[in-house]
Amino acid sequence: MRPMFPGQTYTRVLVDLYVTSIVEVFEKEQRLSTQVKMITVWFDSNVLWNSYKFCQILTIAAPRNLFWRPDIVIAESVKTEIGTVESSYVQLVFFGYVVLPEVLSLNTVCKLNLYRFPFDTQSCNITIQSVAYSNVDLKLETLHDTGVLTNSSKQSFQSQGEWELLNISTSKSKVFLMFGYADQLIYQITIKRRPLLHVINIILPVFFFLVLDVTSYFIDTDGADKLSFKVTLLLAISVLLLILNDTLPSTTYELPLIGIYCSAIFSLIGISILETILVNFLRAKGAKILSASAAVTGQDDGVSGPPVDQDRDQKEFQIAMWWIKVARITDMMFLILYLLTIVVFLSVLGKVWYIH
Amino acid sequence: MRPMFPGQTYTRVLVDLYVTSIVEVFEKEQRLSTQVKMITVWFDSNVLWNSYKFCQILTIAAPRNLFWRPDIVIAESVKTEIGTVESSYVQLVFFGYVVLPEVLSLNTVCKLNLYRFPFDTQSCNITIQSVAYSNVDLKLETLHDTGVLTNSSKQSFQSQGEWELLNISTSKSKVFLMFGYADQLIYQITIKRRPLLHVINIILPVFFFLVLDVTSYFIDTDGADKLSFKVTLLLAISVLLLILNDTLPSTTYELPLIGIYCSAIFSLIGISILETILVNFLRAKGAKILSASAAVTGQDDGVSGPPVDQDRDQKEFQIAMWWIKVARITDMMFLILYLLTIVVFLSVLGKVWYIH
Amino acid sequence: MRPMFPGQTYTRVLVDLYVTSIVEVFEKEQRLSTQVKMITVWFDSNVLWNSYKFCQILTIAAPRNLFWRPDIVIAESVKTEIGTVESSYVQLVFFGYVVLPEVLSLNTVCKLNLYRFPFDTQSCNITIQSVAYSNVDLKLETLHDTGVLTNSSKQSFQSQGEWELLNISTSKSKVFLMFGYADQLIYQITIKRRPLLHVINIILPVFFFLVLDVTSYFIDTDGADKLSFKVTLLLAISVLLLILNDTLPSTTYELPLIGIYCSAIFSLIGISILETILVNFLRAKGAKILSASAAVTGQDDGVSGPPVDQDRDQKEFQIAMWWIKVARITDMMFLILYLLTIVVFLSVLGKVWYIH
Amino acid sequence: MRPMFPGQTYTRVLVDLYVTSIVEVFEKEQRLSTQVKMITVWFDSNVLWNSYKFCQILTIAAPRNLFWRPDIVIAESVKTEIGTVESSYVQLVFFGYVVLPEVLSLNTVCKLNLYRFPFDTQSCNITIQSVAYSNVDLKLETLHDTGVLTNSSKQSFQSQGEWELLNISTSKSKVFLMFGYADQLIYQITIKRRPLLHVINIILPVFFFLVLDVTSYFIDTDGADKLSFKVTLLLAISVLLLILNDTLPSTTYELPLIGIYCSAIFSLIGISILETILVNFLRAKGAKILSASAAVTGQDDGVSGPPVDQDRDQKEFQIAMWWIKVARITDMMFLILYLLTIVVFLSVLGKVWYIH
Amino acid sequence: MRPMFPGQTYTRVLVDLYVTSIVEVFEKEQRLSTQVKMITVWFDSNVLWNSYKFCQILTIAAPRNLFWRPDIVIAESVKTEIGTVESSYVQLVFFGYVVLPEVLSLNTVCKLNLYRFPFDTQSCNITIQSVAYSNVDLKLETLHDTGVLTNSSKQSFQSQGEWELLNISTSKSKVFLMFGYADQLIYQITIKRRPLLHVINIILPVFFFLVLDVTSYFIDTDGADKLSFKVTLLLAISVLLLILNDTLPSTTYELPLIGIYCSAIFSLIGISILETILVNFLRAKGAKILSASAAVTGQDDGVSGPPVDQDRDQKEFQIAMWWIKVARITDMMFLILYLLTIVVFLSVLGKVWYIH
């Protein structure tokens, strides 16, 4: 049944896996949808013939169901579909090899680490193994080496989508079946996200809102307009949170940096609104005392008040001025602190995010 | 047909179920999509051989359709798909065991209680049973115990998505078939949501809007700016309701706490707007009387009016002041009540939500 | 071929249908996705055995393809899928019954009346019939009565989603096949929506915006702030229309009440903005005349003008006052009418919506 | 193999197609998803029996695979699925007819003309033909006439969704196969959209915003509030564009009228904002000259200036007044033009849209 | 087995592929969903008959599984589905040809270049090849030439959707199989997007916001209203970014021009806000000095101050005027630069976008 090389008790199965397209990466479901081309080759001593004798025939196509076939499956697969209408033939090569080319639509589980989204690089495994044969019976090996695979995959890579194929590497492993081990061929596919549109849609606008918030310190009219300006910025970030919510799943132990970025800037603008309210409150307190004292002075206008009254006036004026001064200093101090926080926050974030 | 141990009238079927990935949890449809690995083992006296005699062969792969196979189904399943291309072999073990490993994509119904979303922990059952065999004929048992299952599942858990696998526990049960009972193996999968992104996208921004609303009491300019500030906050929460609507289904007897949270804060800010309008109304009433009396006084400026007039003036001034005082006291009282309400509401909610 | 009771020319087929889960209701597509458990029982005289003679064996599992099987289909079905991996066995009972239990994922067409959304109760039919057998040959009956079905369904109802299962009732009907009638078993499933989240996400916020609009009449500063306040309310309702658009299909002869509710309140706030603009216009006209006359008076200040001039002044003052009075009365009248409209509208709507 | 009437070389196949539900219309993909019931009847001389001799048996159900079956396909189909679990029987009628009833879930391509959306009526074809038999061998005919089909379809029409079934008409056609023609039966399904919710969600709000924009001309305070009022209207329309984008595909040679409607009103409001800015600019220019001259007059207040100065003053006053007058006339003219444009635009659009 | 022409060792397979509908283009997943009609014709010497002898029969329909069939697949396919219920017949033509017509729902990978979206033209390949036969055994050729294909496809093109079919061209190629080459027939389908709705939904509104931003320079009231006007424009663009995010994937090496367009205008408006804040700051500085000096002059009003004081007054007045002048010049310069930038940017973009 199971074909072997003469003098061997095991069957060598050679596998080649080319990634022809990254169809989609589902961040929310932690899945990867790929189109791969898998070529499985094994030795069958029944298909040996002398090509010199038989009109130089090197290969023959033969119906698939006449031959034994290894039960190769993909361990991470959630759904494996034949990409095209299934061919019902295998290719036989004169020196005893059976070649089975397949185009598969794979839907595999993959640990996606979105910590550095959208500047992330993901590594997904596609593990090929036999379900029922232990490695005593069936030995899995790669047909071509990694360099060839990566090159061929890159060449036939048919997508200009969000992901760039960086590398395909292979390694061998073993998995415990009931009574014995089975060979595993692990193809590690490394892909890199092209971040430009996410940068333009989220990171840049949010950053711009932060810059606008900082410059709003120089709005020198009364505080109310400043407030409505700032609260509109907050509203605009809320709108952009809708995009973030569409893009990102609630995942991973660590919060994605883009989440920290958005919510930190949201909080910063929020805090700066609180500060504006505080400064206005202080200023208003000063202004109130001032106007009250002015009113008193105004009332006493005709009659020259006693010097004691003038002293009190002076004192009140000083208190008012003190309030206004406190407001100004608070404002100044906050601005410096605010700028410092922003610089430190952004530089640390930038380092972790991009350079790392 | 149905294989038995010699001297037994029933067939023992041992099942192991490993959860290799939580693919997705559909809150709206109350469904759970998982990738599981199910290993079914049963005794078949026809596959006994002496491994010492037969070249130490411990296991053989044999075509699946040559053997009897228990009709194990998953009771909660809405859709069960073979995860990979289906293998056509079973593994035979020399002491008479037939091993059938399967990777399944399950889509099971699950009672999801979203009351404590996004800090929720869900328990979903995967019930394995025979459809046609009663427990007189077919006895279901677990192959490994719960500890091993949980460990293996956690080890092979291939997802870093929204859900963390806490535990897998098994229990046995019976279900009534027409004339007899069938064994059931219930695997209870306990998973915990990772709430961080939901916190950042909904809970935090909404809380921030509440804080801004409270501090808006200290905006000391005339009421109009305060109003536009507050109504913008309301608008921003409406935008965030879009996210909530995307995330949460209209489910469960009790409203999810996050719904209560959002709509309570929405209402609180709404009420505080009502209060602001009221206070402004009172203040404006006072101011109107004041300016009217001032106008009268101004008109009578040149001529010294009669004392009666001055008295009326005084009275009107007092009424105006009274209105303004009422406005100030209302404002103050409301602020205290408002803060109290918020503190009580948030602490009760926090307790129920997180600590519980 | 077709099994019959001895002495009968027809075959009795007994069917039980349990609704184990409402997976999803597609309002837009007017479809219902359910998981049901269907147990089909029929008599086959070939499977009779004496259980006392054969070791008390009451039931046997036998391969499905060895037996005749009624061609029961679900008439409303758009897609019927076997929920689990299909079992290949039927259960035989000693007194001649063949039992075929199936778990089905149904996707059935259902007339959903969304008039009272989200306080709606829907009734969907699942009609079971034979495709090729007329009722001369095949008689369809229920196995258990409605009470048992409803109870069992409720017990095994595995979903806490948007829908609550109220009732399952059965009725018999006939359908015309080419030359004769076929029996139909109609299961009517009555389900009730749990409206809470929709209330919180749409109805409550929109109502709140209406309340805010009404109270905005007491904003006593100049009209501009009032206008920006009100137009922001309109904007907020536009945002909530996004949610409505996601939730509701454009269906039914009558517009859903929630659509009437939202668009009526939208229109009401719109009309109140128009009124505010009108009142402001009248008031501004008055103020202009006043200021113009004041300016004239101011110019003539030094010289005491002739009495004729004072008369004209008086007249103009009266006209101005008249304009302002008209504005005030219009405002007052509108407020009363507005409140009346709202009360009448909401009470009528509430009656139709909830109490009906 | 192919059954024929005695004395005929062709087989008559009669087909009936009932549309039982419009499941969904995909505007973006130009597809139609329907549930249809197709009854195919053909003559098979092997199934003739004398019902008087055989106990009045009129019809028999027989396994499907024992009989020849025409290869009827639906030409527009992108996906054809059996709606229910496939029945494995056909119905045989005593005078030699074989009846094959099928419930199909069709997914057909359909040219949707969205020009008059949401007041559109669509006509979709379902073309039935044989793939391999030419009309020399197989003649396709309708079983019932169009009136019966339409009535039956309307009766069994199980959906109250967005679409109303108006009419089903049939026509015969031919299609060229390799060497000969094949018969085609074309069922043209005419459906009408129920537009109410789209009216409420898009058309009405956008119209309301236009009305508010027009009335904003009577806002008589300084221009800034008017501007913020108008720009908020623009923002609200942007929000409603989100709904439009969700609903409508970028299709057809001609732009859908609803797109013209929305973008025209968007542009109109935009232009009216430009006009407001212009008028304010003119008015501000006038006011500046006025205040400058007033300041000069104020400075020269104590000393009576020379008559030349008064003349210049007068002239400047006139220039200022002229600016203000220009502003007023521009405003008035624009309002008239604006109203005219709106009336003409809406009446033309309304005619094309609804009455046409 | 494999049929050949007498005297030939290879089999000629003729293929025709008509694109009957572009069902959907998935920009995010870089996939194309089409409905195609594929007619495969090959010679089989066993099906030769003399039509003159056999009653002029030109074609016969015969069961599909009785004949050899080439294993033609589509190389780019992610999913190939039979569009209709699969016919089980092939058509035999008297001079030895076997005709296999198929309607396929293809889901193919396609390199979509979205650089010029929505004015883009895409070229997608559909490559037809044999999986197991080398070109020694099986030669692939087109049945009709490209002109006929394009015309027929355009004629039967059943969609009025987003895409217009421009052209279908064919070319021949070879692909390396294990030991030999296989023929490939490459159908290149060129389709053009109909951009109107995208223009109306994104490009036009964003452009309008830019125009409004430019004209806001002529808002001559104090800066605050201008600011709130401009920040509302920014908010409106953020809302439109939601549409952009729904429409466009994060793809391609180069950023799509529409992304550059939106984010450039977003940035321009942002920068113009920064400039407004700066100008206001300068103006406010001048105004402050002015008012301070006025206050001093006011205080010293009764007593005539010393000439030195008047000089200082003069100087301060000049400094204040200088600040205001700087503000005015900055504003003017910026406006010119701003307009220049916009004109250059838009003309370059327009050239690259549309004319290119």
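Lettered A, B, C, D and E in written order, each chain numbered from 1.
Following the convention adopted for this analysis, a contact is a pair of C-beta atoms (placed from the backbone, for glycine too) under 8 Å apart; a residue touches a chain by one contact, two chains touch by 3 or more.
Which chain is which protein? Per UniProt: A, B, C, D, E = Pyrroline-5-carboxylate reductase 1a isoform X5.
What you see is a predicted model, and the numbers here were worked out from it, not measured in a lab.
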item	value
Shortest chain-hopping distance from chain B out to chain D	2
Co-neighbours of chain C and chain B - touch as defined	none
For chain A paired with chain D, centre-to-centre distance based on mean C-alpha positions, whole Å	37
Intercentroid distance (Cα basis), chain E paired with chain D, Å	23
Junction residues of chain E - those touching two or more other chains	225, 228, 232, 235, 239, 242, 246
Topology of the chain contact graph, where touching chains are joined (line, ring, star, complete, other)	ring
Complete ring sequence of chains beginning with chain B, oriented so that chain C follows	B, C, D, E, A
Sites on chain A touched by chain E in the complex	20-21, 23-24, 33, 35, 39, 41, 55, 57-59, 61-62, 81, 83-85, 87-91, 93-94, 97, 99, 101, 103, 105, 118, 158-162, 193-198, 200-201, 204-205, 208, 211-212, 215-216, 218-221, 225, 228-229, 232-233, 235-236, 239-240, 242-243, 246-247
In the complex with chain E, residue positions of chain D that touch it	2, 9, 28-31, 71-80, 104, 109-113, 130-134, 136-137, 177-180, 222-225, 227-228, 231-232, 234-235, 238-239, 241-242, 244-245, 248-253, 255-256, 259, 262-263, 266-267, 270, 273-274, 277-278, 280-281, 284-285, 288
